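Structures for review follow.
There are two complexes below, and they share chain A, which is joined by chain B in the first and by chain C in the second.
Take a look at the complex of A and B:
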C-alpha cells in the first residue's frame, strides 16, 4: 500500500526516524492489536496506538462510561456517559485518526469467547482491572502463542511486562495463582492516582510499537515496577518456571476456565 | 549496613508510609518474621506458616527467591530485598488491606 500525501505528513515524525521509516510505518499500518479493557489502561494504550496509525485496533469492554471513570479514562467524556466504553473510545480514536479501523467488541471476555476474539490479532494488550481476567488472558495467549503486553495498576504503583509465549516466561511463571477468593474478605474499590494508568499505558503502547517494528528489546523476562510516590522505576527478573502450570514442562492447565464471578471483580 | 527492604505501595500502610525499611541479615523467612514484629501484619501478608504466599514474590537483588532457596535464601548486609505482590487495578485484596 502506498501512503497518501496526507498520511506521509501525519506520520512524518515516525518516518524520519531511521528505526521506523516508511517500512516501519507500513508495519504499523498492517498491525492488528486487541486491547482488553477500555478503561484506565486501555484508553491511553488505544489513544497512542490510534495516533501511531495501527491498522486494526479492537477494544473489548462491556461496561458503560460513568462519571467516576473520567478522572483517568481519557478516551471518554461527559458526552459519552452511559455509552459502552468500547464504543465511546472508538468514537474518540476515529476522530483522532480515521486511518485506523477501530472495532468495538461489547462483550465481557470469558473462557468461551476469548479464543475467537484474540485469534486474528498479532498482539494482545491486557488493560483489565481484575485477577480472573488477567489469568484467563495469559492462559489464552500462551495457548495461541500471542505476544501479550500486560499492565496493572493500584493506587500509586504500576507493573508492566511483555509476555512472548514460547520465548520466555508467562504471567503464571511470575505469579502462579491469583490471591484465593477466601483471602479477599471485602472487595472494596481501590483508589488510583488518575495519571498512573497514563504512565503505565504509555509504557504498554511503547512495548506494542517495539514488537511491531521489531526494534529494541522487549520487556520480556522482567517486571517493570513504577512507584509514583517514591519516583522509582525498578525491574525484577522473571525466570521461566519449568514447573509453571501453564507454560512449564508438564502443564497442569489444559483448558481455559473462568474463576467464579463472585471472585472479587468489580 | 543492613538489608534494605523495598515495600510495595499496597503494604506501605503497615510501614507507616515508608517505601523502604531496614532488616537484619539471615534467611528470607527470618527477615520477614523480624519485620513483622516491627510492623505487625506485614508477615502474614507475605507468608503463611513459614512459606511465601504464591501471589507475592520476594526478590533478593532482582532475583526471585523461588529460583534460589526460597524462604531459606540467605540475605546479607547491603542486599536489597523487594516484595512484589500481584496487583490488578480496581480492587483491594487481602494483601493490601
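Take a look at the complex of A and C:
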C-alpha cells in the first residue's frame, strides 16, 4: 500500500505492530463493516473502527438522538439532538477520520431489507437492544455466512461473542428462540451504567479488527461475560447444537421472518 | 571487505521517531525473506532503536555503521514473513 505522509502518522502505532504492519493496515483500509444500531454499543464500536481506518463503515439506525442517550452514546452530542443517529455518528466519525467512508442507513432493519443491507459487507456488528432484531441478524448472517460480532448490555453486565457461520455455534445454538416479551427487562426499564457499552463496544471493535487481520483467536463458541460490579470477566462455552433450528443438520428455519415487535427499545 | 549490494535502499535522513521505524518496517515488508535492506539515517536515537526493533521482528541486523558524525547505515536481512 502506498500510504500518504498523513496516513503514516495517523496509523504509525498500528504499522509498527508486527501483527499489523503496512499489510494489516491495508486490510483494515479495504474492509467493509456494517454496524446495526448507532446507540450505546454502535457508538464506541464505530468510533474505534473509524479511528483504525476501516475503509467502509455502515451504520444502520432509524432513531433520532435524545438527551437520555447522551449518558452513554458517545458519538452523539447536544448539537445533534433530534438528528438521526446514523447521521449524527457519521458526522462524528468523519471528523475523526476522513479516510473512512461512513454510510448512514436511516432504516429499521427487518426481514425484508436485511439481506440487501448486509450482503456487501465483510463483517456485521450487532449493537441492537432487542431480541427480535438480534435473532434476525443472527439468522441473516448464518444464511449469508457473514461473521457476526454480537454484544449486549444491561445494568452492570455485558456480553460479547463472535459467530462464525459454518465454524462454530450461532446465537440460536445458545437459545433457540427469543425469550417471551417482558421477561428480560430492557435498559429503559432496568437501566445501564453509561460506561458499560464502552467496555463491551471496545471488545467488539477488537474482535472485528482481529477478524480483519486474521490474527489471534476469535471469540467463537464462547460467550464472554463482564460483570462490572464484581470486576469479573468470565467465558462460558457455547456448544454447537446439531439440532439448532438455524445452523443444525436439518435447519427448520428456511426464511427470515419478523418476530412481532412487543419489545421496547433503549 | 565490500558489502554485497542491498536489495533495497532506504534514506530516512531528516525523519524522527517513530517515523524512522514506520518507514523501515514498511521497507522490510517490501522485500523477500533472505533479501537485504540498507537504511541510512541521521536521528541518533534510531541508530539504536531500529536495529533493536528489527531483531524483535525476527530479522537479522548485519551491521550498524556510523559513517559520519551524524549519519548511520543499518543493514538488515529479512528472516521471517510479515
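The rule we apply is simple: the second predicted complex is superposed on the first by the 254 of 266 C-alpha atoms of A that agree within 3 Å, B and C clash if a C-alpha of one lies under 4 Å from a C-alpha of the other, contacts with A are read in each partner's own complex, and residues count from 1 in each chain.
Assume a residue touches a chain if its C-beta (ideal position, glycine included) is under 8 Å from a C-beta of that chain, and two chains touch if they have at least 3 such contacts.
This one's a predicted model, so the numbers in the text were calculated from it and none came from an experiment.
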item	value
Which superposed partner A:110 touches (first chain B, second chain C, both, neither)	neither
Touching partner for A:192 - first (chain B), second (chain C), both, neither	first
First (chain B), second (chain C), both or neither touched by A:16	second
Partner chain in contact with A:157 - chain B first, chain C second, else both or neither	first
Contacts of A:77 with chain B and chain C, given as first, second, both or neither	neither
Which partner reaches more residues of chain A (counting touched residues only), chain B or chain C	B
Chain B versus chain C as contact partner of A:91, first or second or both or neither	neither
On chain A, positions contacted by chain B and by chain C	none
Complex interface listing, chain B residues touching chain A	6, 8-10, 19-20, 53-55, 57, 59, 62-64, 66-67, 82, 84, 86-97
Contact set on chain A toward chain C in their complex	3, 8-9, 12-13, 15-16, 18, 21-23
Interface residues, chain C side, partner chain A - complex	18-19, 21-23, 25-26, 29, 53, 56-57, 82
Chain A residues touching chain B - in the complex, by the definition given at the top	40-41, 128-131, 134, 152-157, 159, 174-179, 183-190, 192, 197, 223, 225, 227, 229-230, 232, 234-239, 241, 264-266
